[in-house]
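By letter and in written order, the chains are A, B, C and D; residue numbering begins at 1 in each of them.
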Amino acid sequence: MKARVHVSFKSGVLDPQGKAIGLTLGNLGFDGVGEVRQGKLIELELTETDTATAQKSVEAMCEKLLANTVIENYTIELDDN
Amino acid sequence: MKARVHVSFKSGVLDPQGKAIGLTLGNLGFDGVGEVRQGKLIELELTETDTATAQKSVEAMCEKLLANTVIENYTIELDDN
Amino acid sequence: MAALTARHFLAASYPHLPKGLALSNEQNITPAQIAEHGLTTDEYKTILTVMGREPNLTELGIFSVMWSEHCSYKSSKFWLKTLPTEAPWVICGPGENAGVVDIGEGKAAIFKMESHNHPSFIEPYQGAATGVGGILRDVFTMGARPIANMNALRFGAPEDAKTRHLVSGVVAGVGGYGNCVGVPTVGGEVNFDPAYNGNILVNAMTVGLADADKIFYSAAAGIGNPVVYVGSKTGRDGIHGATMASTEFDDTTEDKRPTVQVGDPFTEKLLIEACLELMATDTIVAIQDMGAAGLTCSSVEMADKGGVGLDLDIDKVPQREDGMTPYEVMLSESQERMLIVLRPGTEAQAEAIFDKWQLDFAVVGKVSDTGRFTGRLGGEVVFDIPVRPLVEESPEYERPWVEAEAPAPLGSVTAPMGHMEALQALLGGADLSSRRWVWEQYDHTVMADTVRKPGGDAAIVRIHGSDRGLAIATDCTPRYCKAEPHVGGAQAVVEVWRNITAVGARPLAVTDCLNFGNPERPEIMGEFVGCIKGIGEACRALDFPIVSGNVSLYNETDGQAILPTPAIGGIGILDVLEAHADLALRREGDAFILIGATVGHLGQSIYLRQLLGRAEGPAPAVDLAVERRNGDFVRSLISTGRIDTCHDISDGGLLVAAAEMAMAGDIGLTLTGIDDAGFWFGEDQARYLLALPESEAAAVLSQAEDAGVPAQTIGITGGEALTLNDGTPISLSELRQKHEAWLPNYMQNA
Amino acid sequence: MKASVIVFPGSNCDRDVQVALAAAIGGRTDNNDCVDMVWHGDSEMAKTDLIVLPGGFSYGDYLRSGAMSARSPIMREVVARAEQGVAVLGICNGFQVLTEAGLLPGALLPNAGLKFVCRDVQVRVENSQTPFTNAYEAGQTLRIPVAHHDGQYFVEADELSAMQERDQIAFRYCQDEKTGDSSRRANPNGSVDDIAGVFNKRKTVLGLMPHPERAADAIHGGTDGQALLSSLVSALA
């Protein structure tokens, strides 16, 4: 099974990378771009085949390592085909 | 409209971050984790309302700035609600 | 139309070739494949002779990388042999991974410079980063802990659409790698010129420190000894154009075969620590990093140097991807890998160290007495090449060359503006503005031994745990090399020597990185030959031998070659760390003294180029005896503690150098001299500026006279402004603002 | 007095801080009896008066700076010792590890300028009543180098005011009076409230971005960082 974890800054946290991208897109002549946010997408190959167990285990990985919940949110997507 | 751009290393390219995350998950006792890859997820707010035009414009952004096509691939998802 | 095979092609000249292939390749090599591997028909004929049969594709790949310009030095070898490489303090000259010099007290300095030009143009961040990674490995492979990095960068015109992006990526890449590994980047150069628009230059240098009696070499020895692979896994990275020759070509090829490698400085840091830990044990027979041409080049060099054979078991090579062919494994340029020959029975001890650092470790083969380089996959031989001829029969060309035409003498020069205005324009322009924006992105203080950081003449790092120091500098003035290759080559060496001298250190030895265009063009070859001759003469005259180096040719796009750029990196020793000088003015009321003769040579100067748009005239003359005399004099003043403030005069001339000293020390200067642009902005060589207490000036001047060294007082320090011949003063803060502003402003839109 | 320096994979200031500690504690840079180097994979540590998490790029700063090191086996022991009141000092990457490990509040984000920054900065001592800062005067300014890519200190507003009330701010970036160079921002990374270093509530744990061990010897061009180490020696010896 594959897991995709999306980690992004909480809304109150400044995202300088996203801001810089927005600015540069403007400089490059791309109009109509509003807020830009940059997050991480972590893709994991899992040997686990049970979705519920996998979900639990990836949640634990997020809490323990993949996200810093002081500043970040995460969402998990599992893909079992 | 919202665009989500996922930028990741091409499959043959070394992903040092993914490698280190995989190693640490193993050290933390998470078994059954195979390959780990870390990419970027860039979320953009667009004023454009036409999907086809938006798709074109985001593709141009990817080619020009968001991805380095020498080593990276990108995929685009548009969300118009 | 069926392609003619090479066999058909060559049948006439080699009727005796054995029929068929003993090895696994079913297919005959086609002329197209030969061409795609960058081999000429004649070179292929030599391969047939060496092999005594037709090679298979893997073998062809091995020959092609070993005989590439990069690995074989086929165009440059002939001329490189003319360089002086010996001195009593040289422990190991060119031929190993890096040069080694004795620096006293049982220590050795190990250093080398290398180019990563092409990859950096394609992908500036990763190209530059892996360039730094590669040169670090060349140095720690010999047993040294890397203690300083330098970087010599050349970019296209600032106006060129690509330049800003390249500067941004290269600088971030150099920093990204060196900072993470924890080696301070203490100096370098940045030039801009339209000649580099299509070919930037990224030259990186590393200096390391080792015990003089514990240097590790690369010659394999001991029949049956295990050959061990350590570091990162092998992927399909950097299998260049050569892969085009592969037959399995499909839609996914682009995706599978990145030509640019991604560096992993974290793994490199672990590899340094693990290798140094292993080196402290008594287990290593020979060690070699995998750089260009990866596993192939490292194995062949180790076998050849040891006069032995090497058997590799391809299945054992740690691989990152599934289904890699022997061709791919052998030609991959994946980063952060090393090859080691161990003493028999020490495998477990070595493996434990690499396990501790969580690095791959695999016994991949053994040293053999066959004199052949053999690879097996699933027990079957997939390549089998005699080592000696693979190395010794490699092509060597004495390419035709023509001497560059001597430049016409410089016509009259009319000053376009007042000298102070000119100074401000120069200090605030692309060529001479502050490079702080660059070096503040480099960790230059890690290791806590940096004594003089970037921004001065030579950088100084303390030799850890001692009261001595190493001075390090890199230099080259490509516009001089273009105008007069011979003079320019010599000038690059003397400028390095002068920078090391200006901090008070004794110059010891140099490394070079010779960047040129296409050597098959006689005029480019002429530039190469001219520069080499100049370098050789200067090194000889200054007892400044070349102990390592690198050649990068074909820096050319659409027939547009780069300026000839023989970058020189040098090191010197400070026997007493305290007794060094710095360019920053330290006291008010100091006498300000000019050492060396000022003719006012404006040919090929920055003044002429920037303010008048003219690249004309001869380069400034280099008189090696005068250089030596003036430099030895200045050094003796510093090492005996008589002066602590010194700066050499180079790009931009006297007034620029003086202003740099004032800005650095935040102390003003009042100068008096001839009212002539040549006097203030000429780039005459062999000159220095000193500041010392007024009370001691007379003694120093008379000492200079005794030594036959031209010296004159041209000003006095003090105040907060720079004043010239009673003109209107310019405040230092205004000057500094201009000097510091150009690069950050330019890069703002990156 | 005994200090312990934790070595993570990718630490690169471990030796630098060892040398500075040896000089501060034992009077000689090569006197290593007073400094233990402790491997991140160990789960036990000998008795120690001070634990130092050095600078560097542990795990390459991949994922987030300090994130992976904070989960090392030795960190459980570090947390336990910190709870017992053993002094813990985190410098640069060590500061990042301490926030990731929950020993200090807040987090360190990429610099606002998105570039690595290596230069001398000026910092003001905000609280001199701690084992780490007793050799300084409150309000004193120090010149110390920074060298980091992820040094932007962030903490939620209410937490920040609580920290201010508890005197948990150790150092703040401030304008360089000497060169008066107003073109340069005093705050090199965009940290909230110009914060360069913070304490835990008990003032037994300090994390800071500047590198005191790079301003500890005359050859560094300044020794303002040395007093931080000698504060510890006088408080803990």
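A few points about this structure:
Rule of thumb we're sticking to: a residue touches a chain if its C-beta (ideal position, glycine included) is under 8 Å from a C-beta of that chain, and two chains touch if they have at least 3 such contacts.
From a predicted model like this one, the values you see are computed outputs, not experimental measurements.
Contacts with chain A and chain C are shared by B, D.
The chain pair with more C-beta contacts between its two chains, of C-D and A-D, is C-D. Between the CA-based centres of chain B and chain D the separation comes to 34 Å, rounded to the whole angstrom. Each chain gets one centre point, the mean of its Cα atoms, and the points for chain A and chain D are 30 Å apart. One simple way to say how far apart two chains are is to compare their mean CA positions; for chain A and chain B this gives 10 Å.
Counting partner chains per residue, chain D has residues 59-60, 62-63, 68, 71 touching two or more of them. Residues of chain C in contact with two or more other chains: 264, 266-267, 358. Shared interface positions of chain A, defined as residues touching 2 or more other chains, are 40, 64-66. Every pair of chains meeting the contact definition is listed here: A-B, A-D, B-C, B-D, C-D.
In the complex of the two chains, the chain A residues touching chain D come out as 12-14, 16-17, 20, 40, 64-66, 68, 70-71. Contacts from chain B toward chain A in the complex involve residues 6, 8, 18, 21, 24-25, 28, 30-48, 57, 60-61, 64-66.
Chain D contributes residues 63-64, 67-68, 71, 99-100, 106-107, 109-114, 152, 154, 156, 190 to its touches with chain A in the complex. Partner chain C is touched in their complex by these residues of chain D: 9-10, 12-13, 15-16, 19-20, 29-30, 41, 55-57, 59-62, 115-119, 145, 147, 149, 179, 181, 183, 211, 213-214, 216-217, 219-220. Only residues 9-16, 19-20, 23, 68, 70-71, 73 of chain B touch chain C when the two sit together in their complex.
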